[in-house]
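In the two complexes below, subunit A is the common chain; its partner is subunit B in one and subunit C in the other.
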Partner chain A sequence: MDLHYEKQGDIQIVHITGRIDSTKADLPGKVIGKTIENGNRQLLLDLSGVSYINSAGLLAILAAAKRLRNPGDRCVLCGLSGEVRGIFELAGFTKILEIYPMVGDAISYW
Partner chain B sequence: MSHVPAMDEGSIVDAATLAKKEKTVFLSLVVDFVLWIPDIIAAILAGSITMFADVVKCGNEILATFFAWLTLRKLARGHQGAYDYGMGKFETMTSIVTGAVMLVSLILVFYTAISRIMVPEVLNISGVALALVMMTIGVSVNTWLWLKNYRIACKEYSPIMESQWRLFRTKAFSDLSVLSALILSVVLHQFWWSVYIDPFASMIIVGFLFTTGYRVISSSLPDLLDKTLDESLQIMIIQDLTEFFDEYEAFHGVRSRRSGSNVYIEIFLEFDGDRKMCEVQEVIDRMKTSLESRIQKSSVTIVPSSGPCRIPGKVVGNTPERSREIN
Partner chain C sequence: MKTCFHFSTKADIENLPQIAGWLEETLAGAGVGEKDQFEIGLAVDEACSNIILYGYADRSGTIDIESCIRDDELTVTIEDAGKPFNPLEVTPPVLDADIDHRKIGGLGVHLIRSVTDDLFYEYRDGKNILTLVKVRGAVGCG
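Take a look at the complex of A and B:
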């Protein structure tokens, strides 16, 4: 699993690629936590490069979404592939999180 | 006295099933023992290495069945006062013992079969006649017990019943292999190579024992080591967390394990400090009821928490940074 950071104005974009499975499940939680620690309260997670995510990865995103619930905070997802989107829908994430097809779409609706 | 209400409810509901399980396993034990004695006589008279190996294997299986019955008897008589979390681990351990016994039998059967291949012997036809009768009874009874245990296991999952129906399936097929080997040895006795039918048939039993023993151990060992629930159940927990997303302030982790047929889930959540305890309790009750109704035989505990849940060597849920932030 690889991570790449990009800043666009107040928006902190985290591009995640690879599989988020049991061996790397802690990493997104730590990275997201660190990003929030650094004062980035507007987070865009680009999952276009993620081929699989397991329950531990989902819980890390859920925990991050919960931490960004104050006024002005945002936690947005984008770039979900077919399989990953299916997992997110099954877990009910599509009902609680803002999800856009591409990074551009997410930023234009920000 | 149990401190977990759900456990008491579960015990009341399970009483009839438990008694039925105990009765079924006891019946298996009696049938096994009754059939074992003439089996020993037939094996000695026939001089068949497959029969001999089958006798040793049956002896081990009787021991495993006795152990399973003993556990169920303990459960049925009620020792819940001393075991607040039930006797799930005993059930799992019984399964592991059953699997281990199968693997020990495998080594024994393999060794005896190789010895007979190295030094082939002709079977005693008069002894084989008794063996044929015994094996025919064995195939019939074990098939009946296999199907009976399978139906109970399908109705309600339990490691004991799961290992029992697999055990009787193995026994039915291994008896059939012995029966076939004996018939072929008699029918084809005029051919020089017929002496190898008996030891080679033992290899079929080796295969059955390996497959079943491995399956039973590999499915029970993770539960004994408190492995977290599989992904399908984890997703069900997440579904509940998303359903109640607006009811809690922060998610600090989840941990789960299986104990026998019971499932234990602990969810660590932070609630709004301004809310009344009764309001928080109402949310907890709703979450607990929702998840317990969806995951069979589960006991869900929602722990109001202000920090990450910790397990040895790992921080579950929120990050160490979050922990420092709270402190």
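Take a look at the complex of A and C:
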């Protein structure tokens, strides 16, 4: 799993690629935690390069979303492949997280 | 016709990609569709993650996996000598809870149940034996 950062105005974009399984599932949690501690409270997680995610990865994302619940905070996801989106749906996460098709869609609706 | 393959590895978190790779290669080689591969792969990954992180949390050991492919279904049996753990007894998560009330536990077992058609567990001779059954080509995620 690799992470790449991009800033667009107040939006901190984190592009994640690879598999998010239990071997590295704490990494998104740590990265997001650090990003939030650095004062970024508007987060866009781009999963367009993610081929797989398991429950540990889902829970790291849920934990981040739970931390960004103050007025003005955002935790938004985009770029889910069909398979990855299927896992989010089975977990019930598509109902509780804000998800857009691509980075451009997420930013245009920000 | 039934074809079975066996894989054994040390119960180490770093070996999860190795398990996933073996399963994918075995299923693809036997002509199993990509969707079935992906879904049974998720179930096996979740089950093995639980075994490594909880079953073997205080000890070392091995995980033995047997994958059997029939024309109409896949069966994967996972054996470990970690702490007894029956996933069938795990309380399912409340999927319609809002984000503030969504609990962390039970999600892995819920995913296993969701992508398989049958699940059997027994504890025999000091071993957890979990069998996952998936009907080929059935509706699942994605």
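Just so it is clear, the second predicted complex is superposed on the first by the 110 of 110 C-alpha atoms of A that agree within 3 Å, B and C clash if a C-alpha of one lies under 4 Å from a C-alpha of the other, contacts with A are read in each partner's own complex, and residues count from 1 in each chain.
To be clear about the criterion, a contact is a pair of C-beta atoms (placed from the backbone, for glycine too) under 8 Å apart; a residue touches a chain by one contact, two chains touch by 3 or more.
All of these numbers come straight from a predicted model, not from anything done at the bench.
Participant: Superposed on subunit A, are subunit B and subunit C clashing or fitting side by side?
Facilitator: Subunit B/subunit C on subunit A - steric clash.
Participant: Have a look at where A:82 lands relative to subunit B and subunit C in the superposition and call it first, second, both or neither.
Facilitator: It touches subunit C, and subunit B stays clear.
Participant: Quick check for you: in the superposed arrangement, does A:62 touch first (subunit B), second (subunit C), both or neither?
Facilitator: both
Participant: Should A:54 be classified as contacting the first partner (subunit B), the second (subunit C), both, or neither?
Facilitator: In the superposition, A:54 contacts both subunit B and subunit C.
Participant: Using the superposition on chain A described above, determine whether A:101 touches subunit B (first), subunit C (second), both, or neither.
Facilitator: Neither subunit B nor subunit C is touched by A:101.
Participant: Touching A:33 in the superposition: subunit B (first), subunit C (second), both, neither?
Facilitator: Touch partner of A:33: subunit B, not subunit C.
Participant: Report for A:19: first if it touches subunit B alone, second if subunit C alone, otherwise both or neither.
Facilitator: Once the two structures are laid over each other on A, A:19 reaches subunit C alone.
Participant: Looking at A:90 after the superposition, I want to know if it touches subunit B, subunit C, both of them or none. Which is it: first, second, both, neither?
Facilitator: Both: A:90 reaches subunit B and subunit C.
Participant: Which one of 7-15, 97-105 or 133-141 is the stretch of subunit C that crashes into subunit B?
Facilitator: The overlap with subunit B comes from subunit C residues 97-105.
Participant: So which bits of subunit A does subunit B touch that subunit C touches too?
Facilitator: On subunit A, the overlap between the subunit B and subunit C contacts is residues 54-56, 58-59, 62-63, 66, 69, 87, 90-92, 95-96.
Participant: Residues of subunit A touching subunit C in their complex?
Facilitator: Result: residues 19, 21-23, 52, 54-56, 58-59, 62-63, 65-66, 69, 82-83, 85-87, 89-92, 95-97 of subunit A touch subunit C.
Participant: Inside the complex, what are the residues of subunit A that reach subunit B?
Facilitator: For this pair, the touching residues of subunit A are 26, 29-30, 32-34, 37, 54-56, 58-59, 62-63, 66-67, 69, 87, 90-93, 95-96.
Participant: For subunit C, which residues count as touching subunit A in their complex?
Facilitator: Against subunit A, subunit C makes touches at 13-14, 16-17, 20, 35, 38, 41-42, 45-46, 49, 52-53, 93, 95-100, 102, 104, 107-108, 110-111, 114-115, 140-142.
Participant: Which subunit B residues qualify as touching subunit A in the complex?
Facilitator: Listed in rising order, the residues are 231, 234-235, 237-239, 241-243, 245, 248-254, 314-315, 317-322, 325.
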